[in-house]
Structure formats: structure tokens, C-alpha cells
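One structure is given here, and the rest of the page talks about it.
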Amino acid sequence: MSLDQSELADLERLVQSRQEGHGLPGEFYRDELVYRADVERVWRRGWLFAGHTSEIPEPGNYFTLRLDTDSLIIIRDDEGQVHALHNVCRHRGTMLCEEDCGTVGRIVCPYHQWTYARDGSLVSSPGMQEDLNKSELGLVAAQLQELEGMLFISLSEEPPDFEEAAAQVQPFVRPQGFERARVAKIVDYDVAANWKIIWENNRECYHCNVNHPQYIKANFDHYNADDTSDRIQAEIEMANRRSEEKWAREGLAITHTSTGMAPFPDADRDLWYSANRTALVDGYLSESMDGRQVAPLMGDYTDPDVGTLRVRTMPNFWNHSSCDHAVSTRILPAGPQRTLLRVTWLVHEDAVEGRDYKLEELMPFWQLTSEQDWELCERVQKGVQSSSYTPGPFSTYKEYNVDSFVRWYLQQLMKPAAGTQR
Amino acid sequence: MSLDQSELADLERLVQSRQEGHGLPGEFYRDELVYRADVERVWRRGWLFAGHTSEIPEPGNYFTLRLDTDSLIIIRDDEGQVHALHNVCRHRGTMLCEEDCGTVGRIVCPYHQWTYARDGSLVSSPGMQEDLNKSELGLVAAQLQELEGMLFISLSEEPPDFEEAAAQVQPFVRPQGFERARVAKIVDYDVAANWKIIWENNRECYHCNVNHPQYIKANFDHYNADDTSDRIQAEIEMANRRSEEKWAREGLAITHTSTGMAPFPDADRDLWYSANRTALVDGYLSESMDGRQVAPLMGDYTDPDVGTLRVRTMPNFWNHSSCDHAVSTRILPAGPQRTLLRVTWLVHEDAVEGRDYKLEELMPFWQLTSEQDWELCERVQKGVQSSSYTPGPFSTYKEYNVDSFVRWYLQQLMKPAAGTQR
Amino acid sequence: MSLDQSELADLERLVQSRQEGHGLPGEFYRDELVYRADVERVWRRGWLFAGHTSEIPEPGNYFTLRLDTDSLIIIRDDEGQVHALHNVCRHRGTMLCEEDCGTVGRIVCPYHQWTYARDGSLVSSPGMQEDLNKSELGLVAAQLQELEGMLFISLSEEPPDFEEAAAQVQPFVRPQGFERARVAKIVDYDVAANWKIIWENNRECYHCNVNHPQYIKANFDHYNADDTSDRIQAEIEMANRRSEEKWAREGLAITHTSTGMAPFPDADRDLWYSANRTALVDGYLSESMDGRQVAPLMGDYTDPDVGTLRVRTMPNFWNHSSCDHAVSTRILPAGPQRTLLRVTWLVHEDAVEGRDYKLEELMPFWQLTSEQDWELCERVQKGVQSSSYTPGPFSTYKEYNVDSFVRWYLQQLMKPAAGTQR
């Protein structure tokens, strides 16, 4: 499955062919070879956001996810520990859990009833010889880390350092109270676009003015150095100043105070994570259609005026949180021209649908914004198929983060295989 | 189309990578290369069950079948002889018969009316030059052998010896009277699993207890040496003893008298065929839902208490016959992860639906059992896609036949190409 | 994307394997390698019929077309000039126009509002840096030539000579008045057959007698030297003689006066275009179901008795024109086993549907004939998939043009890459 020497040489030539400050050559969005390299060198190396602990609050609760041709079970064991287990029986390879989510006492293979505990260990294999070494036949586990209720997995045996990421991100995230949240809604999307087109779309707000009428009402990041008027600049400063009064409360200060989007990712420092708090437009207490609060305050918040918290991790996660709800987007590749996306809405764990919030008020802001983006991404995919496609120049002041993404991505692609990948 | 040197080397490496007593590595179930090797070295070499003569009793009756990208016409000629003809006009390559089955006087190509006799010879090609050598332009024939009403074809010009197989199988099959049978029902299935997963499922009854509630009531073969209680052993012996009284009648003796499934295939002796008679559970005269006879006796039978006849041939056929009906399963590969299956129910030729048998009594036993298996097979296919799949150990006393199948299969794969394949 | 040395060698071997006077080996109809060679060496080299000027009469009118993975916009600019522009934004590669046809003031990319004039030049790119060289970022143009209202494009930078083709074809086409026509109907077909099967079907009328009951009533070209009776020969001569009286009127003489189809294409002289006027059967003034005129006279015609005009260009166009309407067929490949076909009916520009013509009288003749052919082509595709397919001999007097097509095609395939292809 690994790339051979001739494929690596082809890949290197492709990487070299990218012109600085320009988009990626078309092959990066459509070729099987590049896709295999992406899976091997990006997706099986890094930390992948899997979901929130609040999706599986009780022992035996699980959800499954699919990365390329792999399926994994994310399950809480009897001691409350969460595990990421490959969804494949160690006997004949049967897929164990076909449901999207559920609750199990033990994981029993339907084929020959090999039975695994919730931590993946093989507890029973009736019909097998006595001398079977059960301890070697537990479900294959992936690495798993929990950060403030966010679950990250890695298929690599030598994944990047997680502690540093956790230390940097945690102070920002803690007040949001993800661990005390509950899932209000999950929407899954099957998007006909390469996963990198999704990220390139996410990493600029150059397209926001025309395509995101809801988003731009609440946010400032579609303004950039070169096109920010004095009036807007004053608005941003006023909004930022509001946060100063709240410096006392830990983690609530606005940390992204300039125009434009927060820089991310950082190829030079190889940073795959980022979190910041940003001001919302005056009058917007939440990323909702009219800016009004649409659910009870989450986490440590006692005042709705907390701006918006943003977290992102490469290669597959971003979250936008308001005082009253949080929206997580998870990306998983399913082919060179196909990406599975999941958008999850979280609210306070005590909030009751119908009483404390209504889905029709909670969801539209991010549902519309997300779907507007997926449609654009599918349209880009159609265009980059063309033999005539030539990558164009990036806007230096509106697409700096797209350039950062491309540089970070190419860096991953050219990193020599370090540890053993599974 | 044949494998080149580098592909053969890859294949050999894959074959070597299989650990004894364990399943096949994942590539065998999903890779295009292995599939091509399977088609070339297994499917185009051996004898393939095509159907029963009773499907085409009259001259001009035909049915078609599809093996990979090939289509064949199995047709009875004017003298009653059956032929297997490639379903491709010798002029411009048009597919001749698009129907599943039918009756024709002559085979006329719809494109330019080249006309073939029922034996495939070109009898007329209006519009072609006078000096056309018609004798060289008959439909390409495959080898065909008939054994007690079972039709076997081979695409190889040097197929394995058929006489020996016929001599071994015939005595078992003759009393069932396939030649005097008629088709009660055909059901076709399109299963999303590699053909080897189908066989591995068929070659063990380890999965029966939980998955086949109907089957295990009638049969003993889910019991094995290590888990057969004294009570069951006594039952089996009693059932076997019943047959002794019938030794006089040729071919009706129970030949499989031990617990577990009859060993098949046999890699050491390269046996691709097998037939045996097995006892049914006391009270079961037929493989029907309640064990009662559901149709008139077939063939030479005068007493319903004949146990069950089982015939299998590699790589694509098994049959389970009771005193009153017979069920044949035909396997044909349609891609690395797709197999076309046909299940055919036969009854005595004089039996009339509604009067002598009802489909709702005749079919459920094997329809349910078959569909339970196809569902398991599709689930295995999903699991072995995973990059984490590692073949597990076989149960030494319940999966000996799966191991036999794997060893037989690998042996075929490594046999040097002997004759010319078409 | 270009073929490498080893692929070229494989291709050459395939070309050599064709037996003279016989069809193409099966690989030519199904293999990805051959398809890529076809796209590179046939489709990106030659002149491709795109459509008629009458589809886009006004400035800003456009239609799109898809060749393999490329999409192009055929658009009329402010000065009335028609352009063929790649449908791909020069910034990030977004597909610009997703509609089949329409009218635009400017072409605005929905992603970041880069704006192109109707001639493809970049007129505005808000949000980009000041020093952007707009003149280098216009839409990529393909070559375009107009011939009597027929639009031809080429993706090659050194396409074949067009002037000579125009000079030869123009005198035949001019009286038909394509420039003064309007589109009565367009029907699109997605046909599961290789594009060469479509042409091979088109290049002989050997299949007409049985498959085209409508067509053969109106036309003579299903008769050939060897099977033309004296009565038919006399009919043809009489029909041809009718045209002599009209010699005075330029371009209306019957130029194809022998039995059988007009020879085309011409591999020896590398002719990719052809036009001729042919007699219709006595009583047929138009290729309509009953031979009667079904719409007002087109172009310069003052008398309906003008026979039928036929134009063809390799690799993707044929037209059959009667006195009162014209039918153009456009072929575009969409994969080794998939071809997109468009059939367009034209009438005089002043003709009004319902008043001057009815679609149910105008369309059936060519709609039926076309669909009869697509069905045959799909059936050939199914047959040539077979491993047993062996190309058969062509009829020397009925399939001479199929042989001409095959020879012309193989010639293109073996021509060394001359200019730079895009």
C-alpha cells in the first residue's frame, strides 16, 4: 500500500511543480496517487478529531467513524475510559458494528460470536482451540486523547506530540464547557470535492461577502488590512475593548484583535492546532440568524457577551462556539474527489429541546453557512478537473491562510515516513 | 490481459505472506490484480457449473450466463446436444442474446443478420463477400460436459479431467433424478463480496448455531468433534443406522457418518469435486421448515427417508438435495468485490405447482439460509477493506474446510499456466 | 497526462495487432490507455463541431459543452464575435457556468467574483493585490472557426488546416442557410458505448434494412454495388437526373450519384471533412416519416426537390439536411465506454412552432433512426467486452467506410505529437 520509489519520485515532481503564492496543481485534487499519499502521510500520521465525549456519556456508548476504507469504533468502557478500536473482528475480519452509534454490553461478532469487552480485549471465542492466545487477539486500538471533551485519535504509532497542543488550546476551550455539553443535532454531508478544497475554502473569508450573507452580519473576518474602512476599524476596536472589562475571568479575553482571519496553520512552526477568541459584531451575542441568544449559556459563562471561540486542528476539525452553543465540523476523506463531513451542534447538557432551545433557531446560521461552502467546493472540484486548469495567484491579504495551508500540507507530504504506520 | 512478470512476482509475494492456519491477507478480497489472477487461473481453468439440463428441455431452449466480462449462451441444438457458445457475433462483436433465457430457431445477430445454427455454426451472412469462409466464423464454443443433468463448462482448452470426476460423483447423484427434474424457481442475487468470502462461509458450520436457526434444526454438521455431546452422538449414530437397512438400494447409503462437515476441497489430492449422503435429524425427511416432505419424491426414491445428498464442485457449485426437492447454488464472479449468485429449486418433472407443491413451503428453508449467508459475507467484505485487518487463526476443529479451501485456492493460483486460455 | 514511452509501446503493439480488413481489437473499445490516447491524439488535435451560431444569436448568449473532463463556454461577445473559453476561473479553478446555455453580461465567478468580459478577458478581480497582471489572467481560449453558421473548436495550438476544409465544404452548405436558421429542438443522449462504435455504426448502411425501417424508405444508400437490382438502379438514375435540371442553381446538383454511401473519411489523403448532395427516393421531398415537407423551405431553396445534403467531419459531427429542416449530430467522449451525443433540429429562422411546423412531424424520422443506432451501439459495447471477442472481417462492398474510418483513426493515433497540446 505504501508508495514505492517511482511513485515517490512522481509525487516529488508534482510538489516541485507548485508555484509559490499560487494554488495547487490540478493533480492534487483528482489523482489516485496523491490521494494515497494524503492518506498515508497526512491522515494516518496526525491527530484526527473524532467527536465529543458528550456523544458517549455512559459506559458502552459508542459511535463509529470511517476514514478512507477504515472503520473505527469510539467506545466508553466500564471504567469510563474512551477507546478507539478498529471495527474489524480479529478472527475472519467481519465488520463488528454497522450502526452509526449505539450502546453495547460487549462487542459480539455476529459471524462466530467472538466477544470483546468494551475496551477491545477478547473475552470469549467459543469454538476455538483451547490454546488460543486471547491476549494477542484483542481489537486493534488506535491512539486516543481527550482534550476538554474533544476526542482525538491517531492511526500512527508515533503521532505528533499532543501535550503541547493540549496545553496551548485548553485555556481557550475550558470556559466553553464541552465536557458538560450535550449534542443537539448532527448533520452528515457527502461532498463531491477533495478534502483540500474544503480546507482552502475554510481558510479564507474572501468569498464571504457574496456567499455568506448570514455569516458576515455577525463576524469581522471578511474585512482585511487593505479594505477595512475607518468606521469598521472603529467597530472592531470597540468590540475588542468590550472584552477588556472581562480580563478578570480567565480565558475570555479577545485574543484575535486584528482584521482578517487568525493565521493558521503554521507551516514554519509546524503548528497543527489553534484557538482564539474573537469579537462579534455589535448586537451579536451568538452566531444565530439575528444575533440573539438561542440557548442557555454554556460552560463557565455568566454573561452572553463573550464573542466567539474558534478552535481548529489539522487535518480535520474546526469549531465555532458562541456563549450558548457550539458547532464542530469534522472532515474525513473518502476518495480523491469525495469527502464526508459531519457538523455537530452542542448545547448545555441541561438544555431541553423545545423548552430551552429550538432547532430552527439554533441551526440555520451554521447549516446555511456550511452548505453554502460545500456547494462552492463541489463547483471548484468540477473546474479543477479541466486539463486547462492552471493554479492562479492568491490574494496576498485575503488568502494568506490558504497559502499557509498549502505550505503546511506540502510539508507533511514531503516528510519522510518516520514511525511505522498501520 | 495475462499477468506480466512483475505482477506475477507481486502475486507470489502475496501468496507467501499468508500465515498457515490463518485466513487470507486482505488484498485477496479487494485487489484488482488478485481478481485478474483469480479469473485467469481459477475461473478460466476449471469446470464451472452452468445450470441443469431441465432448464432447456427442448431444441432451441437456451439460457445465458455471465462470467466476469464474458457472456455465454447454453443452448440445446436440433439433435438435443447442449452447447456453450460465446454470446458474441463473429462479425462486429455484437452481443447476440440479451435475455436471461428463451427459445430460438436460429441465433440471428440483430445488427447485420449474421445467422448461426443452434450449434453455433454460421449458416448465413447476407451482404458479405462470396469467398467468406463461413466454417471459420462459427460462434466460439466453450467446453461442455453433462453429468446426470448437471451442465459444466470450461473456458480452458485443456480443462482438468472430467471423466474421473463424473465416475466419482455419478453414483451418488443418479438416484436424485436431476435429468427427470424441472425447475420450480430461480432466484438471482448480486452480492457485494469477493467470491472467496462466499466459499469460506460455505465451508464451515461454525457460524450456523446463531445465524441459521432453520438449518441447524435439520442438520448435524454444526456439531464437531470437540463439542458433540453423548446425546447428539447417539442421535447421529441412530440416524446413520437407519440407512443401513437401505443398503440394498444403490447409492442411498449414508457416506458421511462422522460429526462435522465432509472434508472439501482436497488440496493434497487436488480434488475439485465431492458428493456424499448425510443423515438428517430425526423427524426431518426434507430440508423444509418443519422437516415434512413438501413435494413428490424425486428420481428413484420410493421412501422419503434418504437423508440429504450433497454435491459440490470448485470453484462455483453446491447442491443440497432432499427426497422431494433439490437446491443448486451457482457462483460467478463479477469483480473483486462483487459476486453473482443463482439459487435454483428443482422438483420432479411431473410435479405441478399448486397441486403437488407450494413455493411458500418449498423455498423458505434454503432461501432464508442463503440470504443469511450473503448478509454475513457482505459484512466480512466491509471489514476486510480495513487497513487494520489481519487474518486471524482458524478453529482447528470447526474451520478445517476453510483452511482446505484456502490451500486449494492458493495452489491453483500458483500453478503455471499450462494450456492456452482463451 | 501524456502517454509515456512504455504506454506508447503498448499502444503501438495494439495498433499492429489489427488485421487488415477486420474490426479493431477489443482493447480499443474498453481500455483506459486507448481512451487516453484517443483524447490526446484525436480529440485534442482535430477540429470539433461545437454547435450552430443560431444557438447563440445575441451578444452574451452562450452554451457549454463537455469534452472528457474539460468544460468549455461558447459565447458571443459584444462585437458579435464567438469565442470558445475554458469554463474554469483563473483564480482558484471554479467552474464558471454550470448551465447548459444562457445569457450573461459578464462572466462572474461565484466564488470570489473575478469578472471576465464576454471575450474572456479579466476585467475585475476585487480583493486581489494592485500589481496583478490582469492581461495574463483572461480565460484560456480554444481555437474557434465558423463555417456557414457551424462552429468548430480545437484544443490544439496547431490544429489542422481549416481553410481548405472550409473551401471544400462551403459551396455545398451555403444554400441550406444555417446562418439564417433557428434551433427547433435539441435532444441529448448518454450512450454506453465507445465513441468509435458510434462512428463504425454511422459509416455503413449494412445494418439499415432491418434496423431503420423509416430511413430506408427515403434513402438509397443501403443499396450497394453487389445487391442493387436493375429496378433500383433505374430509380437512382431517375432521381439523379432530376437534379440536372437544377444545375443552374449553384450547389444544388446531386454529387453522390453511385449506389452505397459516400466514401468518408479518407485516410490516404487525411481528409477529415466531406459534404455531398444525394438524391432521395421518389416521393420523398424531406427526411420525414411520409416524405412530405414538414417545415418552410430553408436557406436559398425555392423548390423542395433538392435531395438531401450531408456533411460530416471527423471526429465528431454529421448533418443530414432536407429542403425544410436540418439535423446535426455531435459526438463527445466521456470515458472509454461512454459517449455523449446531441442531436439538434434546425428550421428556417422565421418558422414558428405550431404554425409553420410541428415537432411531432419534424422529429420522428431522425429521432427514431438515431435511437435505433444508439441501442445497437450499446449492444456492440456489451459484446466486445468479452475475452472471446475476435474482430471479424468487413463486408468489402458494404463496410468500406468502416474500414476507412478504422484506417483514418489508427493513422491519427500513430501520428507523432506535433505542436504543444493543452
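Just so it is clear, A, B and C label the chains in written order, and each chain counts residues from 1 on its own.
Note that contacts are C-beta pairs under 8 Å (C-beta built on N, C-alpha and C of every residue); 3 or more make two chains touch, one makes a residue touch a chain.
Because the structure is predicted, anything quoted here is derived from the model rather than measured.
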{"item": "Subunit A on subunit C, rotation in degrees - Cα superposition, rounded to nearest 5", "value": "120"}
{"item": "Interface composition of copies subunit B and subunit C: same or different, split at half", "value": "different"}
{"item": "Geometric centre distance via CA averages, subunit C-subunit B, whole Å", "value": "49"}
{"item": "Where subunit C touches two or more other chains, by residue", "value": "none"}
{"item": "Complex interface listing, subunit B residues touching subunit A", "value": "23, 26, 200, 206-207, 210-211, 224, 227, 376, 379-380, 382-393, 395-398"}
{"item": "Complex contact set, residues of subunit C against subunit A", "value": "1, 44, 68-71, 86-96, 98, 110-113, 127-129, 132, 137, 140, 155, 422"}
